[in-house]
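One structure, pasted below without further comment.
Chains here go by letter, A, B, C, D and E, matching the order in which they are written, and residues are numbered from 1 within each.
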Amino acid sequence: MIGKKKKKKRKTGLPPGTPVYTGEYLVGSADITAIRYNADKITEQNADNPTALTHSMPSRGISWYDVRGLNDVQAVEKLGQQFKIHPLALEDILDVHQRPKWEEYDSGIFTTTRALSFDDATLEVKTEQIGIFLGTDFVISFQEDSNDLFPAIRDRLHRQKGRLRQRGADYLAYSLLDHIVDQYYLVLDKIDDAIDDFEQAVLTDPERADKRKVYHLKRQLTEIRRTVAPMREAVNKFILTDSTFIRPATVIFARDLHDHILQITDIIENQRDTLSSLFDLYHSELGQKANHVMKTLTIVSTIFIPLTFIVGVYGTNFDHLPELHWKYAYWGMWLIMAAIAVMLLIYFKIKKWL
Amino acid sequence: MIGKKKKKKRKTGLPPGTPVYTGEYLVGSADITAIRYNADKITEQNADNPTALTHSMPSRGISWYDVRGLNDVQAVEKLGQQFKIHPLALEDILDVHQRPKWEEYDSGIFTTTRALSFDDATLEVKTEQIGIFLGTDFVISFQEDSNDLFPAIRDRLHRQKGRLRQRGADYLAYSLLDHIVDQYYLVLDKIDDAIDDFEQAVLTDPERADKRKVYHLKRQLTEIRRTVAPMREAVNKFILTDSTFIRPATVIFARDLHDHILQITDIIENQRDTLSSLFDLYHSELGQKANHVMKTLTIVSTIFIPLTFIVGVYGTNFDHLPELHWKYAYWGMWLIMAAIAVMLLIYFKIKKWL
Amino acid sequence: MIGKKKKKKRKTGLPPGTPVYTGEYLVGSADITAIRYNADKITEQNADNPTALTHSMPSRGISWYDVRGLNDVQAVEKLGQQFKIHPLALEDILDVHQRPKWEEYDSGIFTTTRALSFDDATLEVKTEQIGIFLGTDFVISFQEDSNDLFPAIRDRLHRQKGRLRQRGADYLAYSLLDHIVDQYYLVLDKIDDAIDDFEQAVLTDPERADKRKVYHLKRQLTEIRRTVAPMREAVNKFILTDSTFIRPATVIFARDLHDHILQITDIIENQRDTLSSLFDLYHSELGQKANHVMKTLTIVSTIFIPLTFIVGVYGTNFDHLPELHWKYAYWGMWLIMAAIAVMLLIYFKIKKWL
Amino acid sequence: MIGKKKKKKRKTGLPPGTPVYTGEYLVGSADITAIRYNADKITEQNADNPTALTHSMPSRGISWYDVRGLNDVQAVEKLGQQFKIHPLALEDILDVHQRPKWEEYDSGIFTTTRALSFDDATLEVKTEQIGIFLGTDFVISFQEDSNDLFPAIRDRLHRQKGRLRQRGADYLAYSLLDHIVDQYYLVLDKIDDAIDDFEQAVLTDPERADKRKVYHLKRQLTEIRRTVAPMREAVNKFILTDSTFIRPATVIFARDLHDHILQITDIIENQRDTLSSLFDLYHSELGQKANHVMKTLTIVSTIFIPLTFIVGVYGTNFDHLPELHWKYAYWGMWLIMAAIAVMLLIYFKIKKWL
Amino acid sequence: MIGKKKKKKRKTGLPPGTPVYTGEYLVGSADITAIRYNADKITEQNADNPTALTHSMPSRGISWYDVRGLNDVQAVEKLGQQFKIHPLALEDILDVHQRPKWEEYDSGIFTTTRALSFDDATLEVKTEQIGIFLGTDFVISFQEDSNDLFPAIRDRLHRQKGRLRQRGADYLAYSLLDHIVDQYYLVLDKIDDAIDDFEQAVLTDPERADKRKVYHLKRQLTEIRRTVAPMREAVNKFILTDSTFIRPATVIFARDLHDHILQITDIIENQRDTLSSLFDLYHSELGQKANHVMKTLTIVSTIFIPLTFIVGVYGTNFDHLPELHWKYAYWGMWLIMAAIAVMLLIYFKIKKWL
């Protein structure tokens, strides 16, 4: 929230296309991991500056530059110049509040997406913008902070001689996107757990259920949906692309990715639905409890208020109050009161209040 | 739920296209039933391994391999290699949490769908993923567990010399889909019964109606809708296909299938609507009951509280309280109190509270 | 409802295209009315069997076979064979729970629709499926039971030498559809009357208004909408048809029919909207009544509970209670109590509770 | 409402295309105003019959026939024959419950729309159907009753030598439509005023706010929306027309008209939204008032009920009740009661009920 | 609001295309700032009349006329004649209640949009219509009042020799639009702050939360959405344009603008969602408070009403009431009452009311 506000205040007034970092990560310089590989060879080098990367490209090889730390605007700009990234794309990489998008430029394809993670303590979804630029034989990925999202991909590149090493840069870009989308399931599973907890609470003890959690989870889902919805459009452009940077064989995989995003959308809608139904049920349960309280009050009051009136009558100090002097008047009063109480109880029984 | 979570945890980090079984069925090896038939002849053989299938194909015949038990990943992979099933399709067969889909590959058409069944005891909808792979002259169907869904189809193949035996593999694939969709009506009928029960309860004794059932049924309908909605898209691709694996004559039947799915969608929306209206009615009934309770309390209190006050006045012990010594004071008090009670009753009558 | 369940149980397991009657009408054989006419001549013959129809066709004439009683499956099948009706169409004619549809076959055009009627006593909408098959020079209409829907059309054919006699079979088919759609207005008018009744009740005496009627009417509207929505698609196919069975001059009339269906859809949405708004108003009125009851209770209680406390104080039997012995204590107590009551009334006046 | 019902009852059973007046206006014959003009000359003639119109057409002139009073079916039919209006169009002119539409025939373009007016006394929207038929050099407008909608247009024709006189018949037809749509703004402004009144009432004294007005205004908006929504389609057909009756230069103006209708749709949705939000706010305010009433009751009861109990204890007549004989017992009782009252008040303060 | 009503009353009856100022800004003559520039040179001149602008255009230069004060209709008309602005566009410039639109004329492209600002004191969104007319080498912008929106753009033109000076008039027009859209973020941030305030209030002390603010903010969002929604269409036309006034390179920037508008739409929907959820939470919190109040009343009443009845019994003055004479009767009564109170407290504990 705070970040968003800061951003807009900083950027307003600047010409479009000016690269300005709008996030909150403020540690010194960027971490860049460069991997160059083909089906046979693979080398990896780390640096904090694009010019420090010296290892050579294998023949017919592919390079992957993974940049972590967008506050180092200079490093990003240097890479931008080196790989001819369009100024608008460069701006979008650094402006970390972008809508996920898929843009095709002459020099390559640029896509931004958001990685999600879930903080178990605060039940909050955190999002990080990931920019990916794909050229003929290279992929550049931009992560906002130094927290690395892609060690699993790196492992797969190193360990296996499988599909990832044999296919082109477009397949690597797809793998990165697929890896990010896979994390969404984990986040939604966490939210599922939280919903299950709330459901359990509503079904066992609705008054102790923390309804603020529902509100909180709804906001998280709104946030996730806001991220996922434009990704559907972005991945759709991936599928429909006629760009030369994407091989037709990779498009089949993009269709799989699209299916995942549709499924995630389904799950989100499902969860929103469930939260709404649960909230209705919760209120219904509370309402029924309140009705029960009300009925208890009414039953007790309706029985005792008339009885208290009767004893009040015989508590008066009139000189001439004949009943007071009858021998069995006291027991007669009890009899009458018992009769009234029984009649009222029968009435409540008929009314199904008991 | 549990299955879904397990799955995503297991699969995350693996490269796309890796065939991993993500369900919960864990019994030993697969059951495979192979039927080979043409209009004249039909043979059937059972095995737990694709290589054990030895009966020969009749001329211009069609083969149907029905695999039950997806935990036997090897058997599935062997079939996959034998019939050139694309790795992504193979992964989708084994990943039993797929969105229903229709994918056309060079080697054939792959479709996944979900069979529904209804557990009368728990009122829960169970879903099972069914994968169907259609080639030129063969159909392979994959059922998750050993519970057989297609004995009726097998019977029809054996008994009749009708359409099913005379038409191609595409018609067989259609028949399997049609059979699965027919089961949906049964499930929705069961839900209809449960809704009717709830309606009856609301109309006769709303306080005894179990509103959790509404919540439960809503969730079941959400689940079914989540299954049926993507099937509409899948069957639409079936209708619009220009694949050579599908004969034009079969497309007319696919249109019929599409109509069924639209009708099922209508029924689901109808039932959701009805549940919402019923829930509104239920709350309205409860609210009216609560109002009635409230009115009873108010009437009794409003009548007796002033009367109790009056008798309280004459219960005081003041030395100088002239009324106490009047001869007919006691009866006068009763008269006044009766007048007050009658006036209040008239007031309530006018207010239509009685 | 019952019919729907029976149907699905009966049909499941049968191969698609098997003609089975799924309705509830069980009287013996069918009634068939055959009319053959051209602009000059018209003959009419009744039979319970298609082969019993012997009157000859006038030159350039048109035949209309009106079949009533679908339980006579044989008669329907015979007509099907005679006029080359596709097996799927034949199945749809007999399966009386079809979604309205428009299907073009080589031998003719098949459309199903639903006729609506309204039972004033139960406020229930009844639907009957009408199948119409249109060939080059003939129309076959299938009504489920012996209750005749088309006497008005027959009258127009006999009496006038107007458009209906001069135009082709397609215009006759359109006239049948138009006649069915015209009935919808009557049903919606009846529902309008019922809504007006409820509105009147809510505006005059909301507590006596029967809210179950709202629920009931909503369900009826859901039912009608479920019928009308697919008819829009069906009639749209009629408009966009390039079938040779439909003359271009008839398409202009189909556009008119389409307009009627759109208008009916508008009316349904309008009525649903009105019912929702009415239900909100109804609850609002009831809530305000409940608030009024609550306020009455609060005013009476808040005034008399403190007063009763005061008289209680002077009802105590303490040996040393000086006030009891004062000469004007009793009158003083009344004064104080009157002051309290007046102050509370002023407070309520300020709070606008009175 | 009544009109609608009458209409459908009258028309059902008649063949389509039969011209029957379905409205309620019943005064004798029609008023016809015929204006013939070109850029230089203009003549105007009034008659109650088309054949009585004798003034001659100026060279390259345009005729405008404005018919008021549709109950004079003969006059309408005569015009229909004279200008070759299609029977369906003629029927639509007289059937005053049409959905706004745009139909292109060989002899000209026919459009119906609805003029709106607002009755300040009953806060009710009244609608009148206007039919417009456009030929090469003539426009015929049909108003239901003798109440004239177009004096402003007539004035513009007479007074100015501007665009209206110089352009063709299509521009005149556009001007009529534009004039009708302009009236919508006036009606919506009136509804805006009524909403503002209700808003003011809710914000100052919600209990006095008349919630039935909300219901009433919602219905009016539903009515207007039902009129405007199909006009969007109709005007869209105007824009996309390739009819020779419409000059391309006029289409630019139609786009402007379309914009107006979109804006009106926006305003309607806006107003509906506002009414819903206002209704929520209104209920929220009432609910808060009810809570306040409840709290008052609870505070008074919770304080005085225990105190009354205590004085009741010392009102008992036990022979052995030691406290009664203590010297300062009475004052001690007051002390204890005061302490209880203060403690409860502090408790309420903490609970923020005070 | 008032402005809108005035407008429609003034314009109704006038022929379309008549330029009339419909706003409320009434100061004398217009302020016109004319800037002429190319990549090398830039001159700026101020005047209150278009004819007073005398500085010459540099070769291959671009002119930007910024008009502030639309009440000076003559100045606007003069510019309109000079640059051949279509009468309808001219009317739209002056009619400041237009829907944002994008219209392509022969003489140039005309677009209207609305600038938003937020009044922190009243929490009200203010909108101002901005008209932009783009020709081959000039841009004319029309601001309603003298309050200048574009000083930042002017600064950029003067200071930098960057993209803005090097690109064409279309890029200048884009920059103006982009600048306006950037302001939307600021307004939404302000609304976000207000929502956060309300959220804080609901979570800490719901009864003190001002629910009218929610209503007010919802209306503001409705207002903004009404502005933004048609801008999406307008910018979409910008992207899809094949007009020669727009260079292909500028379209990429328009896509960026489109993304911003989509993001703004997302934020608006997000905020509306949040407000709705917050309102639900708010009501839920209030309801729970009311339940708590209710329970307190019930507990106190249910305990003390029976006890008061008991002491009432022994306050009666019967001659024959044996218990009164027992030695430990008084203490026994206390014991019984204590037992009743304890039992009730246990009952409440079990019911979880305590």
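Assume a residue touches a chain if its C-beta (ideal position, glycine included) is under 8 Å from a C-beta of that chain, and two chains touch if they have at least 3 such contacts.
Quick caveat: nothing in here was measured; it's all calculated off a predicted structure.
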Chains in simultaneous contact with chain B and chain D: C
Between chain C and chain D, centroid-to-centroid distance (C-alpha), Å: 26
Inter-chain centre distance, chain C versus chain E - centres from mean C-alpha coordinates, in Å: 42
Overlap residues in chain E, where contacts from two or more other chains coincide: 290, 294, 297, 301, 305, 308, 312, 315-317, 321
Ring of chains, enumerated from chain C in the sense that reaches chain D first: C, D, E, A, B
Residue ranges of chain A in contact with chain B within the complex: 152, 156, 160, 162-164, 175, 178, 182-183, 185-186, 189, 192, 196, 203, 252-253, 255-256, 259, 262-263, 266, 270, 273-274, 277-278, 280-281, 284-285, 287-288, 290-291, 294-295, 297-298, 301-302, 305-306, 308-309, 312-313, 315-321, 352-353
Chain E-facing residues of chain A, complex: 1, 4-5, 8-9, 11-13, 15-17, 86, 88, 98-99, 101, 103, 205, 207, 211-212, 214-215, 218-219, 222-223, 226, 229-230, 279, 283, 286, 289-290, 292-294, 296-297, 300-301, 304-305, 307-308, 311-312, 314-317, 321, 323-330, 333
